[in-house]
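Below, chain A partners chain B and then partners chain C, in two separate complexes.
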Partner chain A sequence: MTTDAAAIGGMGHSVKRKEDARFLRGKGRYIDDIKLPGMLYMDIVRSPYAHANIKSIDASKALALPGVLAVITGKDLDAAGLAWMPTLMSDKQMVLPVDRVVYQAQEVAAVVATERYIAADGVALVEVDYEPLPPVIDPFKALEPDAPLVRPDREAQTNHIWHWESGDKARTDQLFNEAEVTVKEHIYLPRIHVSSIETCGCVASFDKVSGKLTVYMTTQAPHAIRTVYSLVTGIQEHKIRIVSPDIGGGFGGKVPVYPGYVIASVASIQTGLPVKWIEDRSENLQADSFARDYHITAELAAKNDGTMQALRVKTLADHGAFDAAANPSKFPAGLFSIITGSYRLDAAHVEVDGVYTNKPSGGVAYRCSFRVTEAVHTIERMVDTLAQKLQRDPAAVRMQNFIQPDAFPYKSATGWEYDSGNYPAALQKAMEKIDYAGLRREQAEKRARGELMGIGISTFTEIVGAGPSHTFDILGIKMFDSCEIRVHPTGSAIVRIGVQTQGQGHETTFAQIVAEELGLPVENITVEHGDTDTAPYGLGTYASRSTPTAGAATAVAARKIRDKAKKLAGHLLEVSPDDVEWVDYHFQVKGVPGRSVTMKDIAFAAYTNFPPDLEAGLEAVDYYDPPNLTFPFGAYICVVDIDRGTGMVKIRRFVAVDDCGNIINPMIVDGQIHGGLTMGMAPALFEAITYDENGNMQQSNFMDYLLPTAMETPVWETDKTTTPSPHHPFGAKGVGESATVGAPPAIANAVVDALSHLGVTHLDIPITPWKVYQILQEHGAAES
Partner chain B sequence: MHFEGTQQIKASQRAIFEFLLDPNKVASCAPGFISMEILAPDHFKPTIGIGVGAVKAKFTLDVQLQDVREPTHAAMKGHGVAAGSAVDMVASVDLSPVSDAETTMNWIADVTVSGTIASVGARLLDSTAQKQITKFFDCFRQKLEQPAQ
Partner chain C sequence: MSSPSSNAASVSTSASTTTIHLTVNGRTRTLSVEPRRTLLDALREDLHLTGAKPGCNMGQCGACTVLLDGEAVYSCLALAIECQHQAITTIEGLAHDDQLDPVQQAFIDHDALQCGFCTPGQVLALKSLLLRDPHPDDDAIERAMAGNLCRCGAYPKILAAARSLAGRAS
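On to the complex of A and B.
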């Protein structure tokens, strides 16, 4: 008996996405699609000032508006002990301010009304009397002794939040003192916003009879939210249900708990009616948590022959007014210490200082496993800076310094144990695919003619799949993840997972894992997630952790089922289970291919014909604690042409060779990489959030915050190498973020390469036409 | 934002000073003027409509005259809030006679715009504010130079 592997649709098959059937028909069910009987609407009064005392709030005119039922202020919440809430990073943040606002667009009060428009009209009628205070916007100025204090509520009367460091300082300093050559750059990764298509929102529904609070919420981590809700409000956890329905993009921005969720919940408890709150686009852009905003000073020490020896990094991290980053508890600077990248280094020392400013919270891991983008950008820029100083080819310097394939598992200078990798093979493949040697010849010819062309490389190593319980937790909850599988009598199954999809295709890929392990066709497997009343406890989807953690749990749970199924197979085949083997998606008597049973036969027997010493049913649960993180990697090469008349950078070609270990669904991985590359190009060339001196955010709409469209996006050329993770049950590593992390330095390196003959050694992203044109002007290279 | 300018006005220093102390006259020059409530001779609340790009808001300003030194100097401090936006400004005027019928008016204005208007209208804010404020002081000249009705 042989089984058609394509019909099973297990590992490695480009199974079409189950979820697309509803998305492509406009039948997705997002938060704003949820309409409950009697539902009220909430809108939020926001602060015009970045820093001000609130002298008074007069809601009388708003309350007089027909249809307005309530105006909730900080004082109301304070009476219930809810004016502040804990962040995920040992800090606290205001839900609504009692007497002071600390960033522009901060929530000040909420209006609850019978209609959405009435709520908005009510917002305009709430009169708030502010006394403006001087804001501090620049994190460097925030550390000066006379700087305005952002957080007088803290015991430490300073804007400095924390200091974090990793690596061996003494050894690093010694190597720098003895170094033959050193390079140094100041690198700023500006504040950017995830800008998911769906803004944040919720529908909170409190049932006064049962005392149960149900919140439909745009969240990437429903279980963690439920626990936090219970701890903060005192409501028993079984009386709280968080449902994360279809989510229109998360990218890290939907991990934090935003004040709107809490206020809507309070409003529902107060009114006894469901309350819907949906942000508009400008609110989303102005007030939701941000990513990046790292001011980095990096130094690299090497020998004259190009051998890299040590890395020294100092960083100022602008966290805004609250440290509401969503990093694992022990990692205030995320996994920034992956900054040694794909290279052998004798030592490294990395320091980060977190600072408060009068801006919204920062530190969201925007499609990046906790500050990995910042780390990768720094090391990849520094390798190029070194190559430039030594007048060496950047590909050759990388090849010279790569951790070699036989060196894994590799202990990095900052203490990580890389699971597996083959960096030279990935770079070699990318170089061949793009004809690197040919491009260098073309560049030399063009440069002789005065034309500007650059080639940029990024050979990044990611660190994902947080994480092992000995090191990783969020608010004390260990970062395991989970899966529960039930096989029905007729051979179909339901799979419930602790992670939550926001477009990644979990309903397809997790079904494929089970299909592969159990030999049941993928179409007969339903995947559910996002409802805390039914899904097993998990920490949610971000940091490319779903496949490394819940994906592993799914495989292990399926294998538990297969172990039981083996006993049932022995019973059905009338042999000892020890004489049964799993071959080609079915069980057969060892060496007798003619005597076999399928999983479908076994499922039926599990409910109809099981032996007396075996309990009925066919189901399993697994809570998977990963033994290590996984380390996907890739080699990206970007070719740019620069218009000397406008400074416009055009990406001519971009080859991305990714290695994420064994692949579940190649089509979905390709889609993840295409999307990720576009999201990596955006901050490299277009996106940055800036503030004026008064703390007004300057990009509060899509006219001013440029997201790439198909017009700006080049044709991405993708390829892969496959280096399985040795510790993951099916050798996968995770891929959601590789491209976002790897692409920006490839593009920046290409632009610097195009301008290197003018003496340019670094350009901060976003590399806008204006920035490039000014450089061309300075060097007399602009076309008039 | 800091703005300053000079007007040569064909009117006596006294006439201009009287104009400046008359809130109704001054307010009538405010761009987008809608209405005014006078609380005291030196304290009044004009309501004006301000638009930057696509964003428009109706502000009720609380204006207090300060440092009045007849007949050479007057200053005012204004503060106003509208849905999600706020304006704070300090302006002063200095008058020096050129002749009995002509006066030089030097003006200075410091304006802080906060919130939605500043954020959404960021790219247009400076130029819009410059235009409106210049128009405001230019209006003084026009009104003062009009033949008496």
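On to the complex of A and C.
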């Protein structure tokens, strides 16, 4: 008996997505599509000031408006002990302020009404009397002794939050003292915002009879939210149900608990009616959590022959008014210590200081939450800076310093154990695909004619799959993940996972994992996720962790089922289970291909004809605690042309060779990489959030905050190498963020390369036409 | 929490409403709306057609795109009362029975969607282009799609779907 592998649709097949059918018919069920009987609407009054005392709030006019049912203020919440809530980083955060606002667009009060438009009218009628205070905007000034305090509520009367460091300082300093050559750059990675096209929101529904609170919520981590809700409110956890419906893009922006969720829940508990809150685009851009905002000073020490020896990094991290980053709790600077990248270094020392400013909380994701993007950008820029100083080719310097394929598992200078990799092969492949030597010749000719062309390389190493319970937890909850599988009598199955999807296609890929392990056709497998009443406990989807953690749990659970199925197969084939083997998606008597049973036969037997020593049923659960993280990597090469008249950078070619280990669905991986590259290009060329000296946020809509469109997106030329993770059950590594992490330095390096003959060694992103134009003007290289 | 003294739950809006007739997906629907109600809200809230999505409510993302007499428009920028007597097509009206529109099918064939939130708008923007010009070149495709943001970055595959519908290999 042979099985048609394509009909099973297991590992490595580009199975079409199960999600598509409903999304394409407009039948997706996103948060704002949910409507419950009697539902009320909530809208939020926000602060126009970055820093101010609230002298009074007068809600009388709003309350006089027909249809307005309530106005909730910080004082109301304070009476219930809910004016503050904990953040994931052991800080606390205001839900609604009692007497002081600490960033522009902070929530000040909430209006609950029978209609959405009336709630908005009500917001306009709430009168708040503010006394403006001097804001702290610049994180460097925040540390000066006379700086105003952002958080006088804290015991430590300073804007300094924490100091974190990693690596060997003494050894690093020694290598720098003895170094033949050193390079140093100041690198700023500005604040950026994920801006998923769906904003955040919720529908909170409290049932007064049963005492159960159900909250439909744009969240990437429903179980963690349920536990936090229970701890904060005192409601028993079985009386809380968090449902994450279809999510219109997450990218990490839907990991935090936003005040709106909590206020809407309080409003529902108070009124006994469902309450919907949906933020608008400006609220989303102005007040939701931000990414990056790292001010980095990096130094690299090397020998004259280009051998890299040591890396020294000092960083100021602007966290805004609350430290509400979404990192594992023991990692205030995330996994920033991956900063040694793909290179052999004798030593490294990395320091980060977190600072409060009068801005919304930062340190959350932008398709990479754990500071890996900041790390990769730094090391990839520094390698280029070194190559430039030594007048060496940046590809050659990389090849010279790569961790070699036979050196894995490799212990990095900051203590990570890289699982597997083959960096030279990836770079070689990218160089051949793009004809690197030919491009360098072309560049020389163009430069001779005064034309500006640049070639940029990024050979990044990522760190994903958090994570092993000995190191990784969020508020004490270990970062395992889970899967539960039930095979039905007629040979179909339901799979429930602890992670959640926001476009990654989990309903398809997790079914493929089970299809591969059990030999059941992918179309007969349903995947459910996102409902805490039914899904097993898991920590959610972010940081490219779903496949490394819940994907592993799914394979292990399926293998538990297969172990039991083997006993049933022996029973059906009337041989000892030891004489049964799993071949080509079915069980057969060893060496007798003619005597076989399918998983479908076995599923039926599990309910109708099982041996007396075996329980009925065919199901399993697994909680997977990964032994290590996974380390995807890649080699990207970008070619840019610069218009000397406008300073405009055009990406002419972009080759991306990715290695994420074994692939479940190549089509979906390709889409993930396209998306990641686009979200890598965006901050490299277009996006940044800035504030004026009064703390006014300057990009509160998509006319000022420039998301790439189809027109700016180049043709991404993708390719792959495959280096399986040795510790993952099916050798996968995770891929959702690789390209966002790897792309920005390739683009920045290409632009610096184009301008290097003018003496340019570094440009901060985003590299806007204006920035480039000014440089061309300075050097007399602009076209008039 | 402060509450109004009257029994506010029974009070609905006092703003004046107008009765309008909209032809949506071939069916005439009668609605009573405030003059300020957007077409997007009328479709989503009053007619329960939630396929058009609110991504920005200010004409900057395209998630709310519907067809008005075959032209792609941002329904968040149109008032419902302006759309009387015009034929409105939403994503729900594009497939006939179980038969997907070729644009919808091309999105599946080319894997042109991820989270799906921008997708109804993308499909209708492309549909509108193809109604005007069955064989657009790349430039025309990019221009027609430039008003529809996709944060998941599905652009290359959306363009591939468009090229295949325009009769060219991707």
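General observations
Quick note on the criterion: the second predicted complex is superposed on the first by the 783 of 784 C-alpha atoms of A that agree within 3 Å, B and C clash if a C-alpha of one lies under 4 Å from a C-alpha of the other, contacts with A are read in each partner's own complex, and residues count from 1 in each chain.
By our rule, a residue touches a chain if its C-beta (ideal position, glycine included) is under 8 Å from a C-beta of that chain, and two chains touch if they have at least 3 such contacts.
Owing to the predicted nature of the structure, the values given are computational and were not obtained by experimental measurement.
In the overlay built on the shared chain, the residue A:668 is in contact with chain C alone; chain B does not reach it.
Judged by the number of chain A residues each one touches, C leads among chain B and chain C. Of the two partner chains, chain B and chain C are each touched by A:701. In the superposition on chain A, contact of A:63 is made with chain C only, not with chain B.
Contacts of A:552 after superposition on the shared chain: neither chain B nor chain C is touched.
By the document's definition of touching, of the two partners only chain B reaches A:128; chain C does not.
Of the two partner chains placed around the shared chain by superposition, chain B is the only one that A:105 touches, whereas chain C remains out of contact.
Using the contact criterion defined above for the overlaid structures, shared-chain residue A:692 touches chain B, although it does not reach chain C. Where the contact sets of chain A with chain B and with chain C meet, they give residues 701.
Put simply, chain A touches chain C in their complex at residues 16-17, 19-20, 22-28, 30, 32-33, 35, 59, 63-64, 66-73, 76, 114-118, 194-199, 246-251, 266-267, 270, 278, 280-281, 502-505, 667-668, 670-672, 674-679, 701-703, 707-711, 713, 715-716. Partner chain A is touched in their complex by these residues of chain C: 1-4, 8-9, 11-14, 34, 36-37, 41, 44-45, 48-58, 60-61, 63, 90-92, 95, 100, 104, 107-108, 111, 113-120, 123, 141-143, 145-159.
On chain B, the positions that touch chain A within their shared complex are 81, 83-86, 88, 112-116, 118-120, 122-123. Note for the complex: chain A touches chain B at residues 45-50, 104-105, 123-124, 127-130, 132, 282, 286, 692, 694-701, 704.
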